[in-house]
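In the part that follows, the structures are each spelled out as C-alpha cells.
You will see subunit A twice below: alongside subunit B first, and alongside subunit C after that.
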Partner chain A sequence: MVSVINSVDTAHEDMIHDAQLDYYGTKLATCSSDRSIKLFDVSNGQQTLITHLWGHEGPVWQLTWAHPMFGNMLASCGYDRKVIIWKETNGTWGKLYEYAHHDSSVNSVSFAPHEYGLVLACGSSDGSISIISSTGDGSWDTKKISNAHTIGCNAVSWAPATAPNALYDQQNGQQQVVKRLVSGGCDFLVKIWIEDNGQWIEEQKLEGHSDWVRDVAWAPSIGLAKSVIASCSQDCRVIIWSNDGMSAQWDRKTLNKFDDVVWHVSWSTTGNILAVSGGDNKVTLWKESLEGQWVCISEVNKGQGQIGDRPNSG
Partner chain B sequence: MHISNVSKMVHDKVTNNSSQFQAMKYKCEGALKALAVNKDYSQVIVAGLTVFKILHLKEDGFSENINLRSGKHRNINLNFSTADVAWHPSDENIIASASTNGSVVIWNLNMLGKSKQDKILTKHDRSATRVLYHDSEHNQLLSASQDGVVMIHDTRTENSCIKFGVAGNDCVRDAQFCPSNIGYFTFAAAYENGCVQTWDMRWSDKCERQFMAHNGPVTSLDWHPADKTWWLATSGRDRTIKVWDMVRVSSSAHPPSLYSITNIVAVACIKWRPTRKTHISSCSMVVDHCVNVWDLNRPYIPFAAFDGHLDVATSIVWREDCHAFLSCGKDGYVIQHIFNDARRPADHVNLAGIDLSASGDIGHAFCEKKEQTSSSLGRSKKVSRSRQFTQASSALCVFFQSHFDSVDSDVDNDVMMLQWFVDIARSYKLEGSSLVDMCWHNGDVAYHFNKPQVAQFWRMLAVTYTPCLSSQSGTTHNPVSLGMSNTLSDKQDQAEIGGKPVAKRSKEKEKRKGNSRTLNPADATSGSAEDSSEHDGESSEVERIAPEWNAPFLFGDGDGGEEDLEEIYTPAANPFDWTLQRLPSEGFQPRHELNPMIGAHPHMIEDPNTAIASVMDTLRHVEPEVHLPPIQSYEPTLVVTQLHSPEPHDFSPSIAEMICSLADQGDVQSAVSMLIVLGENIRPYIDEAFQECWFFSYIDLLARFELWSVSNTVIKQSRLLGVRSMNQVSTVYHTQCPKCSKACERAPWLCDKCKQVTNICSICHQPVHGLMSWCQGCGHGGHMEHMQEWLEINPKCPAGCGHLCEYS
Partner chain C sequence: MVEEGTRSEKMEDMYRRASSCSGWIKLPSTHCAASFSYNFKMRVKEIDRTANVAWSPESKYPIYVATGTAAQQLDATFSTSSAIELYSLNLDEATLDMPVVASVTSDFRFHKIVWGKMKDSESGCIIGGSEKGTIHIYSADKMLAKSPDCLVAELTRHVGAVKALDLNPFQSNLLASGAGDSEIYIWDLLKTDNPMTPGQKSQPPEELACVAWNRQVQHILGSTFGSRSVVWDLRKNEPIIKISDSMSRIKAKLLAWHPEVATQLCLSSEDDHTPVIQVWDLRYATSPLKVLESHRKGVLSMAWCQRDPDLLLSCGKDSRILCWNPNSNVPNGEVVYELNTNNQWCFDIQWCPRNPSIMSSASFDGHVTLYSLMGGGHPIQPSNKVAESFGGAPIGTAPVQVPYEEEKVLPLQKPPKWIRKPVGASFSFGGKLVTFGLEKSPNPQQPPARVVRVSQVVTETDLVIRSNALEQALSGGQFAEFCAMKAANSGSDALQENIWNFMRVNFENEPRMKFLQLLGYDQNELARKVVEYTGTEVAASSSKGVDAQELAQKMSLLNTGSIMKADRLTASGQASPNVGSKTPETLDNLPDGSSAFDEIAGSQSGLSGAQTPLVIPTDNADGLMTQALLTGNFEAAVEMCLSEDKMAEAILLAIAGGPELLIRTQKKYFQKNKSTLGRLISSVVTHDWAHIVEYCDLDNWKEALAVVLTYALPEEFSALCDTLANRLESERDGELSLNASLCYVCSGNVEKLVQNWIKNTEDSTQPLALQDLVEKVMVLRKAVELSRGQAPAVSGGALADKLSQYAGLLAAQGSLSTALTYLSNASDVSSLSPLFK
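Then we have the complex of A and B:
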C-alpha cells in the first residue's frame, strides 16, 4: 500500500474541486464548494495554511496559478459565473480583478504561457470561452468565443508558447507567436482554437469521446517537435491526441478505458508523464513507451472507499 | 454501469408515480409575476402587469380557459395590473388579486358577462404586493402593500379590515399566514429594511416579534409546511436564504438562525418543497433564470436546478406531490417542471483535483465516499440518497515520488523524480574549459547520475572534436564510412541482444567473423587470432549483461544515423573513459601511454593495428564495469578494416541530428548543454528557431527548480540573440535620494521631490564629479577618497545620520 506522507487537512466544509501547485511546487491552492479558496505552504513536507480567500458567491470549480514573473497570482472560477484574479501584495492576498460576463457557471480557468503576457482563458457552461488579458496598466481586455461548445465548456488548456507548430507556421517571421488553446465540452468534442488577427477561430474539432469531456491538457513541449493533448471524459476514456507539427492531422490514441469517470488529466513538467485521476479516487501515472504504447507506470490511491463501496445506481 | 454512478447518483427517490406529470410550458403574451393553482390542480391563474388569465392545467398541457383582461380596452384599468393572485381555498370561483394601484380585487368567475370583478377593496396607499387567504379561516384575506401596511380583510363584509403596521413605514415585500396547524393566528411580514415581523392577527397594536433577517430588503418568506416545525425561511437581496427557528421561547429574542444558503445573486422568491423537510426552492431576481432547489444541509450547491425560463422566474407553486411544480417567469412562460428532468449541479462537479509539481510530487484531492463515513460511525443502516447529498467532503493528499507502488517493475520508479535533473544541471560544465574537457566532464557527470546514454553522447562528442582528429580527418574519419556500411548487421545484432537471450548469437557471430575476415584479410591479422578466443570467453559475459541492455536503451526509436555514430564511436571513446576514471588496472599493462593525451589518440593514427590491440585490451577489462553493449567489442575489428576509404566525413550534420533527437525525446537539458559546449561548431546546422525553443524550455525548467545561476550561465553562454537579450532587460538601477529616500528616476543625480542634486559629498559638500561612492543603506556618500579617509576612522556615516555605513 502506498504510504501518504502528506494528508492535508484542508478543513473545507464541502467537496474540494481542484488542487493546484504553484510554479515551484511550494504552494498548494484548493477550492471547494464551500465558496472559499485555501492556500497552503507545502514546502519541506509540511503544510501550513497561508490564507483563506472568500469572494465567490458559489462553489469554486477551478484554479490556476500565474507565472511567478507576474508575482504571486491565482485565478479562480466558480458557479457564481465569476472569474476572480487574486494577487498577493505585501504578504496579503486580495482581489485584483473580477470578471462576471458569463451567463452560467464558469467551469475552467487557465493562465496562458507567460510569453503571452498576463492572459487567461475560461470556459463556461453557457458554452462560451473568454480570453481575458491584462493590458498592463491595470485594465483588462476580454475576448469571447461564443458557442464554443453547445451545452457547455468544461475545460480549457493553453498550448505551450514554444509549440513547434508556431515555428512551422512562421517560417519567416519567427517573432510572431501563434496562440492556441484547446477546450473540451458537453458536446463530446475537443476543439482547438487559434488566434488569428486578434480573433479566435476554431482550428480543429477532435471527435472521439462519447460523453462529456471533463478535462483537456495540452502537454508542455520541452523541445518536442509534436503537440500532444490529453483529454478525458465521462465515457471513462482518456484519449491522447497528437500532431506531428507538420500537418493538420491529429492522431487519436485511446490511452485506456477506465472503470469509472475520469475527472482530470495532468501532465508532468517535462511533458512525458500523464497523471489521470478518476472517480475511483485513484491516480494513475502513464508514460509512452518507446514503441509508442502508453503504459501505466504507477498507481497511487488513498485506499479509501473504492471498489465495492459505490452506491447502487438507479 | 459505472457511469450511472455519477450521472444518476440521484440523491432523491424519484417515485414512479411522478411520471403521471409531464413537463410542459405555455407562453403568455407578457411578463408574469404570479401564479396560483386551485385546490384540485385543474386550473391555474397567471398574472402580470399585462396578463391575467386562467389556464386549464391538464396532464398533457396548458390551455387557456378565461382571459380576465378581455373586454373593451377602456375598461381595463390598473386593477388588472396584478402583482399577486390567490385562489379561494374552498370556493373554486373566487379569486383575489393584488393590483399595482393598491387595490385588492375579488373576482367571481360565476358572474355573467365579461367583467368578473366582484369587489374592489381599495385600502392601500401604494401598490399591493401580496394577497393570501387564511387556510382555515376562508374569509380572512391578507394583503400586503408597499405602503408598509398589512391588512386582513373579512371578505364577508364590505369594509371590515384590520391594519397591521403604520402607513409610510418600509414597504412590505411579503407576508404569509403561519400554517393553521402551527400558529393559527400568526402571520409574518417581510420588510424592505431587512426586518421580519410576526403578528398575532387578533392584536394589531404591536407586532409579536421583530428581528433583522437580512442586509437590505427581505424579498420573500415562507413558513415551513410541516407539522410542529416552527421554521420560517426568508430570502433577501443579500443573496441569502435563511431559516429561522420561530419556536416561541422568548418573544423579544432574535430567533436562532438554523441554516443559511447563499445563492449567487439576489433571491426573489422561495418556497419549501412539500414532504421534504430540508428542501427549499428559490428563484433569482436577476441573471440566473433557473429555479433552484436547495438542500439545507448542503448550502453551497443547489440540489437540483430547473431550466426552461428565458428570463428570471418570479413565482413557484409546488404540486402536492413533491416531484412536480409550476413556475412562471418574466419571459411570459408558465412551466410545469418535473423532478426527473432536473439538472443536478452536484452531479456535474469535479470530484477530484490533481496536480503535479515540478519535482514530481502529486497533489490529489478527491471526494470521500459517503457510506464509508456513516459506517465508521457505527451505523449499519444504508444512507438514503437524499442524505448522501448532504455529506460531501473531500480529502487532500500530497504523494511523494518514492512512495509510489510501481505497477510495472521494468520502469524506473524514480521516473518522475527530477532530482537528477537538478544535480546534473548543477554539475554540468558549460564554460571555462576547453570544449573537449567539458565534454569529458559532462560525460562523467551524466554517467554518475545514471544517464549512460547521455554520457555516451558526451564522450562521443569529446572524441569527435578532439583537435588531432579533426586535423587528420582523412585517416581517422574513415571508420565512419565503414560503420555506415555495416549498419544493418549491427542493428540486427543489437536487437537480438536486447530482445532475448542469445539463441542465434553464435551463428550471428560466425557470420560476423566471416564478414570481418573477408573485409580485412591482411590488416586485422594481429587481432584475429585472439579474436576468436575472446569471443568464447565473452559470450558468457554477454548473456549476463544483456538483460540490462534493453533494446530501447540503445536508441531503439532513433533513426539509423545516430545509432551508427554511437556504436562506432563508443569503443574508441571507452579506453579514455577508462583511463579517466582511473579504474584499478589489475593485470593490465597498457602498451601505450594514453594518459598524457586525454582526448587525443595519436597512436591510433600512427599505427592503427597497435591501437586496435590496445583498444581490445582495454575493452576486455573495462567491459564488466562500464557495462558496454557486447557488440562493441567487435567494433574495433570493423573499425580498422576500411582504413583506405577515400572520403573524409563531416560530422556536424550527424551531430546536429543527434542533438535534435535528444530534444525530441524531451531531453532538452542535454540538447541545450551540448549546444552551449559545442558552440559555433554545431550552431549553423540546427534551425535557430528550434534552438531558441530548447533554450527557453530549459531556462524555464531551471527556473522551476530555482537554479538561477545555472540559468544565468545558460543565458550568458547562448549564442542566440533572443536568449541573450533575456539578460539585458531590467538592468536599470535607480539611485536613491539621501534626503527623502525616493528613487531618482529622471536623472541619477537629481531628486524630483527635493529638487536637489543628490551627488553632494557628505564631507566637502561639493558636487561630486568623477568617482562617487555611497552607502546603499542610507544613501549618503561622497568623493571616493574622502569617504575612504573618513571610514578609516569612523564607522558611522559622515552625514551624521547615525547609520553604520557598509561598503564592500
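Then we have the complex of A and C:
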C-alpha cells in the first residue's frame, strides 16, 4: 500500500529536479530550475517552509543530506558548475562552503557514509568526479578523478561503509575500510571506483547500457556479502548489477525495459525495494522474488498505489 | 543565510571575489555575470578527412559516424580518390582518435550522405549523393561485416550533382533526392525502379540545394532552389506554398523544419550579403517570424536539434559555429553558444541523433570534429607534427610544444532539455517515498503546480496488520484471547494450534492441569475409562472421578507419611513458575498416603477379623516371618516376604517399619519388577523425573511431558522440560524437533524457543515468519512476567537478533514507534539509528 502522508506545494517557479527527506524524515529539501532550494518542515504532516536558499546561478540539479552527526547539513549542485554545502547554525541556514572547480554542469552530489567523515562526491558534465572531504579544521581537501566519463558524469553513489571487500582483504590479509563509489555517464558506462592509498582508481567498468546512464544507486548493505547496484538509462532500461563479494565478477540482470527514459533509481533503506522513476511520469516499485526475479509490486501515481505481485502486468 | 532581497548584491560581490582571487576565471566583457568563460573541453573526437558526415540512426547502437569524401574539395595532394568510411564513437577511450571500422572506395565523391534505418536490417543503409548524379546505397550491415558487395543499389535518374537527400522520418524507406534542373525524386528504397516526382518541375530550372521532410506530417516535403523555397504536399502531388520574402530577397540554401511545430521552419542564406537565418511560420507566410542575424558571412550548414527545439546550430563562411535559440524573442536572434573553430570554414554540421550532447562539424581544413555541447571532452594535446617532420632534430631553443590555447567558450545559458530531470522518486528512512513529476495544470494560463509528495510505502500489509493486532493484545492485556484467536486461525497446522493453546493456558487458572488436558490426559475421561475397566464404583464415588494427577499424588505420598504433607503441597501444588497456582482444594481433600493404606488394611483386617479367626503360623517360612513380626523385627519380616515374592505384604510391613525401610523395600521391588509400567511407577514413587525425560522412548515425549507437568517441583520443572526439549531437538536427526517448542512454552524458555524456531524455519528472515515468532515470544514473555513478576531480560543472543530484525522490518513499513519498543534491548543496529533521535 502506498499512501500519501504529506503533499507539499513547493511553489517553485520552475521544474523541480530533486526532493530529499533528511535522516529523520522530518525535513524536506527541494531544488528547482528556478535556481533555488527550499526546506520544509514536514514533521507531523505539516509543510512549513523553513527557508528559501539562493546561491546557485542556474538550475539546481541534486541534493544530498549529511549524516546528522555533522549537524543539519545539505549539499547541492547545479548547472552553474557549483557545489554548495549549506549548514544550519543557530537556527539559520547559510553557505558553509562553495566548490567551483568543475568546468561544466555538476549533475550529482552524494555524501559518503558517515563512517568516512564528512566526504562528498560530485559528478559533472565535464567528465570528472570530485571527492571533497572536510579536514575538520574548516578547510576542505579535494581529489579529482579526471575523465571519469567522457562527455559527462550523470550520477554518483557510495558503497555502504559495511560493504564487503573480500577482494581487497585477500590481498592485504587484513580488514581495512575500503571506500568505493559507483558512477554513471554519457559514455553509457557504469564505473566502480576504489580508493587505494589515497588515490581513486577505476576498479570496474560495467558495460550494458546502450545510451546515457542517468542514475546509479548502490544498495544499502543488508548484512550479506553481496553487493548490489542499480543503474538506469536513457535506453529505457534498469540494470541490476550484483557481486558475490568473493570474485571480481559483476552479474548483470535487466530489471525491465520501460516505455520511456528512466531518470532515477532509489533503494529503500532496507535495500529490498527499488523505486524507479521514468520520463512518462511513472513511478514503479520493484522487489526481487525468492526465485531471483525482479517483480513490479506497485505503480505509484501521484503518491498513491497498491501493492501486489504485478499490477497491470506492466 | 541569503535573503532574496540581497541576492543580486551578494552575487556581484561573489563575482568580484571570484575574479580577483581565481586567475582562470575571467569576467565576460559583454554578457551577463552568469556566463563567464572558463576551461571547457568540448572537442571529443577528430577524423582527418574532408568529408560529408552522416550519423548512424538513433536506434543504432553502438554509434557510428559515416564519412563520404566531399565533392568539390581538394587537399594539397590533389587526390581525387573517394571513399565511404565508418568510424566507431569510442567514447570510453580517452583519445581524440576514432577507429575506422569499415571503408569502401567509390568512383565518385559525395555532396551529401544520409544514414537511415531499414526494415529487416540492423544497421540500415548509407546513401550518398554523388557529384555525377548518381545515388549510391550501401548496406551498413555489410560494411560492418567487411563484406565486399556492400553497394546494394545505384540510382541513376538525376542529371547533375545530387546535393539534396533526406529520408522520411516516419517511413524510412522513402528517400527524397534533388539535383540539377529542378529535379526532385521520391524513391521507395524497397522498389527503386519507379521514383515519383512531386508535381510539375518548378520553373525556371534551378539546382536543388536542399530537400527536407516535415517532422510532424509525413507527406509534407520542403525544398530549396537557388532563389526560392517550395513546400510540397505529396498526397496532392503539388506545391502548396512558395516561400518568398518580398522585403529582403535571400538566397536560401538550406531548409530545416521545426522538430515539434509542424508549420515552422528555418531558411538559411549562403549569400554573404544576407548571412541570416529566417524563421518562418507557414500560417503567416508573407514574412519571416524572425531573422537570426549574427553570422558575418554566408551560412553553409544548419541543424535543428531534435531533442530540444530551443537549439539550432549553424556554421558559416565567417568560420563561426553558432548555437541559437530560434524560439527566443531576443531581437536579431539569441546566440546561446559559440564554438571555437580554429578559424576554419565548416561546410557541414549535425547533431548526433542518439547522444544529443554531441555534434559533428566538417571543415575545409580536412577535419571532421566531434564536439560535446556540455564539455567533458579530452584535454587537447598540442600537435607535434611539426616536430616530427623535422625528424626529432632540435629546432631551436624555444620549447617544441607551443602552449596550446585552451578553448574558452560560453556555456549554454539554459541547460538543454535532455539534462533537465523531470521526475524523481527517492526512498528515505521508514519506508517513506518522496515523489515529484511533471503535472499538467488544469488551466493552461496557470503554471503547473510544483508538488512534492511524501508517501508511506507498506509492502508487508499483512505484517503491519498482524503487528497491530499483537500490539493491541499486548497493551490491552488480552493475552488469552489473542492466543485463542491464533489457535483458532492456525488452520490445519496442528502443532501451531497446540502451541497457541499451550500459550493460552498459561494465562488461565490451573495451567498445568490444562496442559495435561491438551496433551490428551483428561481427568474425567480417565475416570470413565477406569470405571469401565474395573467395573467398580470406587472411582465414581468421588465426584471428580479418579484424576490421574490425584492418583499420582496419592502414590507419591506413599513414602512420606503425614509428616511430609507440607512438602507435598509444594511438590505438586505449584509445579512451575509460569503455571500459577495449582489445585489446592484437591490436595486438601486428599487423604494422606499412609492413612489411605491404613484404611485398606483396616477394612481388610476388619473383614478377616469378623469372618475367620487369626491363625498365627509358627513353622516354615511363615513361621519365621511370624517370629520376626512377633519380635517387631520388620526388617527381617520384609526380607522374608520379598524372598517369598509376597510383594504386597512386604510393602505393607515396610510401611509399618518406617520410611527408611519403605524406601529400601520400594527399591528392591523395582529392581525385581522390570516391566515398563514398573519403571514408570518407580520413577513416580522415587521422584526420579529426570530418569523419565532422559530415557523415555521419544515416541512417548507427550507422556514424559505429562509426567513432568504432573509431578515436577517448581524448581526442577523448567529444567526437566528443557531436557526433554533438548532430546527432541537433538535425537533422531531432529525429526521431532518441532515438538520441542511445546516444552519451551511450558518451561517459559523464550531464548530456547527462538533458537528452536530458527532451526526449524526455512527462511527465518521472511517477514511473516518473523511475525509468527515475535507473537509467540512476546506472549510467552508476558506469561513469564505474570508468574514471576518480571519479564526475562533480553541479553543478546538469538532473541535480541530477531527482535532487532523485526524492529527493522516494522520501521521499513513506517511503524516507527512500535519498532522502537522492540529495540529497547537491542540498540546496536545502526541502520535503525534514526529511531533514536
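Following the convention adopted for this analysis, the second predicted complex is superposed on the first by the 288 of 314 C-alpha atoms of A that agree within 3 Å, B and C clash if a C-alpha of one lies under 4 Å from a C-alpha of the other, contacts with A are read in each partner's own complex, and residues count from 1 in each chain.
In this text, contacts are C-beta pairs under 8 Å (C-beta built on N, C-alpha and C of every residue); 3 or more make two chains touch, one makes a residue touch a chain.
In this text the structure is predicted, and so the values were computed from the model without any measurement.
Engineer: Please indicate which partner A:G127 is in contact with in the superposed arrangement: first for subunit B, second for subunit C, both, or neither.
Structural biologist: The second partner, subunit C, only.
Engineer: Just subunit B (first), just subunit C (second), both, or neither: which does A:C296 touch?
Structural biologist: A:C296 contacts subunit B only, not subunit C.
Engineer: Quick one: classify A:H17 as touching subunit B (first), subunit C (second), both or neither.
Structural biologist: A:H17: touches subunit B and subunit C.
Engineer: With both complexes superposed on chain A, which partner does A:D259 reach: first (subunit B), second (subunit C), both or neither?
Structural biologist: first
Engineer: In the superposed arrangement, which partner chain does A:A275 touch: subunit B (first), subunit C (second), both, or neither?
Structural biologist: In the superposition, A:A275 touches subunit B and subunit C alike.
Engineer: Return first, second, both or neither, reflecting whether A:S32 touches subunit B, subunit C, both chains, or no partner chain.
Structural biologist: Touch status of A:S32: both partners.
Engineer: So, A:C236: does it touch subunit B (first), subunit C (second), both, or neither?
Structural biologist: Only subunit B; A:C236 stays clear of subunit C.
Engineer: Pick one for A:W193: touches subunit B only (first), subunit C only (second), both, or neither.
Structural biologist: Once the two structures are laid over each other on A, A:W193 reaches no partner at all.
Engineer: For A:L53 in the superposed arrangement: first (subunit B), second (subunit C), both or neither?
Structural biologist: In the superposed model, A:L53 contacts subunit C only, not subunit B.
Engineer: Which subunit A residues lie in the overlap of the subunit B contact set and the subunit C contact set?
Structural biologist: 1-10, 12-21, 23-25, 28, 30, 32-33, 42, 57-59, 61, 68, 79-81, 103, 105, 211-212, 214, 220, 235, 263-264, 266-270, 273, 275, 277-279, 281, 283, 285, 287, 290, 297-298, 300, 302, 304
Engineer: Using the touch rule from the top, collect the residues of subunit C that touch subunit A in their complex.
Structural biologist: Per the touch definition, subunit C meets subunit A at residues 1-4, 7, 10-11, 18, 22, 33-34, 38-41, 44, 61-62, 91-94, 354-355, 357-358, 372, 374-378, 411, 415, 419-438, 447, 449-459, 461, 763, 808-809, 812, 831, 834, 837.
Engineer: Within the complex, which stretch of subunit B touches subunit A?
Structural biologist: Against subunit A, the touching part of subunit B is residues 1-10, 239, 262-265, 287, 298, 300-301, 345, 348-372, 385, 388, 392-400, 403-408, 411, 413, 415-416, 418, 552, 556-557, 663-664, 666-668, 671, 687-690, 692-694, 696-698, 701, 703-706.
Engineer: Provide the residue numbers of subunit A that touch subunit B in the complex, in ascending order.
Structural biologist: 1-10, 12-21, 23-25, 28, 30, 32-35, 42, 45, 47, 57-59, 61-62, 68, 79-81, 103, 105, 115, 161-162, 164, 167, 174, 211-212, 214-215, 220-225, 234-236, 259-261, 263-264, 266-273, 275, 277-279, 281, 283, 285, 287, 289-291, 295-300, 302, 304-306, 309-311, 313-314
Engineer: Would you tell me which residues of subunit A are touching subunit C in their complex?
Structural biologist: Within the complex, subunit A contacts subunit C at residues 1-25, 28, 30, 32-33, 42, 51-55, 57-59, 61, 68, 79-81, 92-95, 100, 103-105, 107, 124-128, 147, 149-153, 186-189, 205, 210-212, 214, 220, 235, 263-264, 266-270, 273, 275-279, 281, 283, 285, 287, 290, 297-298, 300, 302-304, 307.
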